[in-house]
Amino acid sequence: MRLQMMTWAEVEASVARDSGILMPIGSTEQHGPTGLIGTDALTAEVIAWRAGELADAVVGPTIPVGMAHHHMAFAGSMTLKPSTLIAVITEYVLSLAHHGYRRFVFVNGHGGNIPTVNAAFYEVYAALYGHGPVEGPELRCRCISWFELPGVQRLTKELFGSKEGAHATASEISVTRAAFPDTVKSAPLEPAQAPISRFFDARDYRRRHPDGRMGSDPSVASAPAGRQVIDTAAAELAAAYRQFGTMG
Amino acid sequence: MRLQMMTWAEVEASVARDSGILMPIGSTEQHGPTGLIGTDALTAEVIAWRAGELADAVVGPTIPVGMAHHHMAFAGSMTLKPSTLIAVITEYVLSLAHHGYRRFVFVNGHGGNIPTVNAAFYEVYAALYGHGPVEGPELRCRCISWFELPGVQRLTKELFGSKEGAHATASEISVTRAAFPDTVKSAPLEPAQAPISRFFDARDYRRRHPDGRMGSDPSVASAPAGRQVIDTAAAELAAAYRQFGTMG
Amino acid sequence: MRLQMMTWAEVEASVARDSGILMPIGSTEQHGPTGLIGTDALTAEVIAWRAGELADAVVGPTIPVGMAHHHMAFAGSMTLKPSTLIAVITEYVLSLAHHGYRRFVFVNGHGGNIPTVNAAFYEVYAALYGHGPVEGPELRCRCISWFELPGVQRLTKELFGSKEGAHATASEISVTRAAFPDTVKSAPLEPAQAPISRFFDARDYRRRHPDGRMGSDPSVASAPAGRQVIDTAAAELAAAYRQFGTMG
Amino acid sequence: MRLQMMTWAEVEASVARDSGILMPIGSTEQHGPTGLIGTDALTAEVIAWRAGELADAVVGPTIPVGMAHHHMAFAGSMTLKPSTLIAVITEYVLSLAHHGYRRFVFVNGHGGNIPTVNAAFYEVYAALYGHGPVEGPELRCRCISWFELPGVQRLTKELFGSKEGAHATASEISVTRAAFPDTVKSAPLEPAQAPISRFFDARDYRRRHPDGRMGSDPSVASAPAGRQVIDTAAAELAAAYRQFGTMG
Amino acid sequence: MRLQMMTWAEVEASVARDSGILMPIGSTEQHGPTGLIGTDALTAEVIAWRAGELADAVVGPTIPVGMAHHHMAFAGSMTLKPSTLIAVITEYVLSLAHHGYRRFVFVNGHGGNIPTVNAAFYEVYAALYGHGPVEGPELRCRCISWFELPGVQRLTKELFGSKEGAHATASEISVTRAAFPDTVKSAPLEPAQAPISRFFDARDYRRRHPDGRMGSDPSVASAPAGRQVIDTAAAELAAAYRQFGTMG
Amino acid sequence: MRLQMMTWAEVEASVARDSGILMPIGSTEQHGPTGLIGTDALTAEVIAWRAGELADAVVGPTIPVGMAHHHMAFAGSMTLKPSTLIAVITEYVLSLAHHGYRRFVFVNGHGGNIPTVNAAFYEVYAALYGHGPVEGPELRCRCISWFELPGVQRLTKELFGSKEGAHATASEISVTRAAFPDTVKSAPLEPAQAPISRFFDARDYRRRHPDGRMGSDPSVASAPAGRQVIDTAAAELAAAYRQFGTMG
């Protein structure tokens, strides 16, 4: 159930039954020669929507642009500063908390968002409580990156082995091929498997990973594999969401 | 051409040919008993995508949550503070300017965003130039609200007359019905045509407009009407975009 | 009654009778070869003070510097970033709300302020209520630009016809001549009537409007005309203020 | 020469001759039973304008609302947060620096502004140079509180002795009586001379100084005394300004 | 070599030889019945100083208060908001970058800082480069939490097994006992080993971990064990620092 | 009693007895050819710790980096922007206020911090009360610079006469020699006594004071003198703290 597709009266009734919500967050950034710039937003969204169906949960609007400063040496990449993304997440959560939402599962599609999203949760608590818990509702925020779910990791290892990689991965490109069959891109991949190394800023990233990929050989990506990844990720997420709703 | 669906190499080639971009911006807020919470984001997106096809223009990621504080007395509404929305717009534009984009047409679906979006453009210029123009690229930013386009206004008058209204309008609900036929909602509308008056904050809005509508009778909305609105708005936008690209 | 000229005990007694206040806001920016840099602040102040007398209303301190980034290519222009002006307006309103003021009419002298002032009002509501209306006083903020008042527009059309223009207008220069007879400037105006066109940033503004005027021929300005403008604007404002005080 | 009363061409010519400027900054806050709420803004303005004439210096627009949180328990007082006032001062200075101004003398009328104004100067330098001096113009900012000028202190001691006090002083009320003869207020002063003590926040201030005065007996204020204070302060300021312009 | 103990000329000479620096960052927060409130700052500092000796590296001033909002239900805990800590880290790094430092290893003593510190590094890059790499120095920032170093984890497993825990750990309390023998505290620990569970905000943390410990039995802490931990951590850090200095 | 060395239960008991706290704040900046970069942080800390013993007061963690933009032309100097330092001080105070602390004495070691620290106190009050005092605890904040204490000034005059100076003073270098005997530096001082003059930004500071000292001849500094300064300053501070605790 997408929040965007409900009326306010439907939301009012729904939040009275279940005060949890799934919040997709992605990024808009290069994904190598054959990956879509919107990969991280599109995958988070597709997986969150499917998980919402499985868990009978409301799914909020997707945050499409995240923290991707390290990709800014490649055309089309967009980024918010960490402090701006923190403000955005804080205001999304506080808006929904005003209507009674209490448990927020951010469904994340981009590794580079993880520190900022987790930092943001404490900015939310600080905005709500000041410098210590006093009155007011008690919120719970959690960030789950779909590509870190154990079942997904088992599956991608099985499907792609070492070709999965760390950026512009075989699995994420498979997910976009499953969800958007019209957007399959082809381009030479040289070398077949991209190098991988620790990087620092955007210049450094491009110097070390000249075509944008990190460690991956996305030529093995496929729509059928993407469907498996979506199903697995959504099922794990739905289970995590339900457990989150009942934990003490 | 959605930016999200391109590779970085495609963006690099595209921006060299045309340094303009369409940027949809909407809102996530109540739209009366039968309107979708995502109406303003969905309509801006649908119309911008269609305009992008007509004008052969790139369309950036949609900003789904805008300035809707006055709707916060209705469940499901979300809002950014004006100052946060200004930061988001500024960083979207500066990210894309780094890759060579120079002309930004924000395609807006929400009246409440207009002051903040226009204020944001000067925050962009200040971020780029400091307190006066010196070096650096020259950007042009413009906000076009699709529902204010002259042809759209003529059409909605023709289609709906005085039932169009000012919020949860017949035309915007028609657009979502055209684009998302599965999301048609039915609910009693009492009175048939909602009252309209000047309002101030969110409490005041709800007191004056108890079911969220302002001046509209959306029972006249329909998918076929929505298709006409989309076509008209997209054609006008495409023309404005092309003219913007060539103005001295 | 200027707030600046009252004692705190007088304010305390006055706000108990009438919780409204007029707040002049202007700008400090070029106004062509013969207009004063302070035109927008001076006109807003003069008109607000006169309106205050007519409506028996308190008038707060003038905000002398507004959002004028687009004038920064001309010497003497000053500007706040939109986000800073939002902070200033928010704190002015919250300061006065602490003492019991509830209805704020900003009397605006500068078109470039309009988006930011209107955005600021929602920053005020957000500062006061967080992400939704809960407890606390209910404020009403409104921005009236004197040059957009219907009676003023009728009058300036009558007085100046098409020579009024859009910046460094005949009417605003007339108002400063009426109020400050010692500051009449003379300088060649070439062409007599300035060009008018859509502009974007400060460089673009100067390129299109090389002497700073936009569409105006201020050689027709005069002190007697200024007195008429002041009287008309103040009377309309006073009426709007009184109606604002009584609206449901 | 008030900046507000000049044209942009006059400013351009003037700043080429003298890159200094006087910047009045005041406050809008209670000044006891008989003092005007605008006292600090009005006195700074009057004295800066007179000094501008003596020194043939340009005088910028007055900052009318300063840092007066400690007066907020008295009706009519207004305040900016220190961080907001810092932003305002920074943007005033950077606006004028863009046009060539290099030496800024803030003429201050309110003791409570002193820390924030001095802190702001380093925010200006940080905004201009980042974390260390590199390129760019070299600015000099200085804050002179007129009531701390040695000649003024000698004069007020002579005129008022121990009745001068520390807030709602005999001298500042005299200055407003000299400048605005129509605004003389009368109210009982009990005790004749107000108590004086160290205070912390606004509640504490009011508890210790129940009518708003601190240490003063403003019944000795007079317009003739005010004229002497204005003359003395303006002459000292003009001398300081000239010396500032020539220091190595 | 502590930066605090050098003269500016010594720093100037030193940074010319080695542009790296160790930056200790801790926290000021409860550490259970027997742990010091300053544990995370003290351990980071002691270990960074020792590593500095081993690696012949400069060690900057310790950031003593970090992101510890979740500990605020226990007396004495202090916290910065994530966005404020990001500003502090950004300005520390930019200050030192102005003098030629290029490689920053933050030596972290507090798990709760990790997201914010990593987010801050991209705020640094954004502050330095805007929205993409252009000119300017190339910085490298890295965060190493001493308790996550592989050798330290092997050692604490060996020394304390499952009694180590996750907060108020046996190892960190051992480090403070080694470094500050006078500060050994004794208090009953009930139960001997504290519970461990996922927590959200500060209220939730205290409810689940009523004496502040998480999973630990610090009764096994000892000064000799602390000396081993310090030695191991410092040696690993020194090696990581040297490798960081030479990586391509 | 250092807060860092207490357990949370000890803090809880202690704050119930005495709601005051000493807060050392210093700076990290050049101190001439023979002074330590950490001088201002080290001296504030040493003196605050000793005062804490004398007054039986808790001493919070030291703020090691302050507002020192004017020293940034010398290697090793670090600075926060005034607005960032205000945020840090505000959050330190609010954290401790949450646990019951009510009276804060900042023990300051750096003249350049004074405006910002005093401005910060009003940011604290604004954060706590909004735009006027309503509910909530009543805090009292005070800044005492140890080098401005009357007894310290008498002593340094006696010890060093005119050689004390204004930056890199004989007394502060004596204090670090007393506290850290291993850090005595020797370097030529040319001229013996440094020049002193009014300065503006960092470039200007270095041009006027090429070796960093201002007015001082620190060759007269000594550890025994430092011990006297520490004892005198700590005793005065302890007395001021006790008096602060009992004032009405």
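Note that the chains are named A, B, C, D, E and F in the order they appear, and that numbering of residues resets to 1 at the start of each chain.
Basically, contacts are C-beta pairs under 8 Å (C-beta built on N, C-alpha and C of every residue); 3 or more make two chains touch, one makes a residue touch a chain.
Treat the numbers as computed from the prediction; the structure is a model and nothing was measured.
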- Among the remaining chains, which ones contact both chain A and chain C? B, F
- At minimum, the number of touching-chain hops separating chain B from chain E is 1
- Message: Show me the overlap between the contact partners of chain C and those of chain E.
- Response: A, B, D, F
- Given over half shared residue numbers means same and under half means different, the chain D/chain E interface is different
- Among the listed pairs B-E, E-F or B-C, choose the one whose interface is a repeat of A-C, with over half of the contact pairs the same by residue number. B-E
- Averaged over CA atoms, how far is the centre of chain A from the centre of chain F? Could you give it in whole Å? 46
- Distance between the centres, which are taken as Cα means, of chain E and chain A, whole angstrom: 29
- Note on the structure: Among chain F residues, those touching two or more other chains are 72, 79, 81, 87, 91, 95, 98-99, 131-132
- Chain pairs in touch? A-B, A-C, A-E, A-F, B-C, B-D, B-E, C-D, C-F, D-E, D-F, E-F
- Note on the structure: chain A contacts chain F in the complex at 130-132
- Note on the structure: Within their complex, chain A touches chain C through residues 91, 94-95, 97-99
- Item | Contact set on chain C toward chain B in their complex | 67, 69-70, 72-73, 79, 81-83, 86-87, 112, 114-123, 125-126, 129, 131-133, 138-142, 198, 200-204, 247
- Mind listing the chain A positions that touch chain B in their complex? 2-12, 15, 28, 30-38, 41-42, 60-62, 64-65, 72, 74-81, 84, 87-88, 91-92, 95-96, 98-100, 180, 183, 185, 187, 212
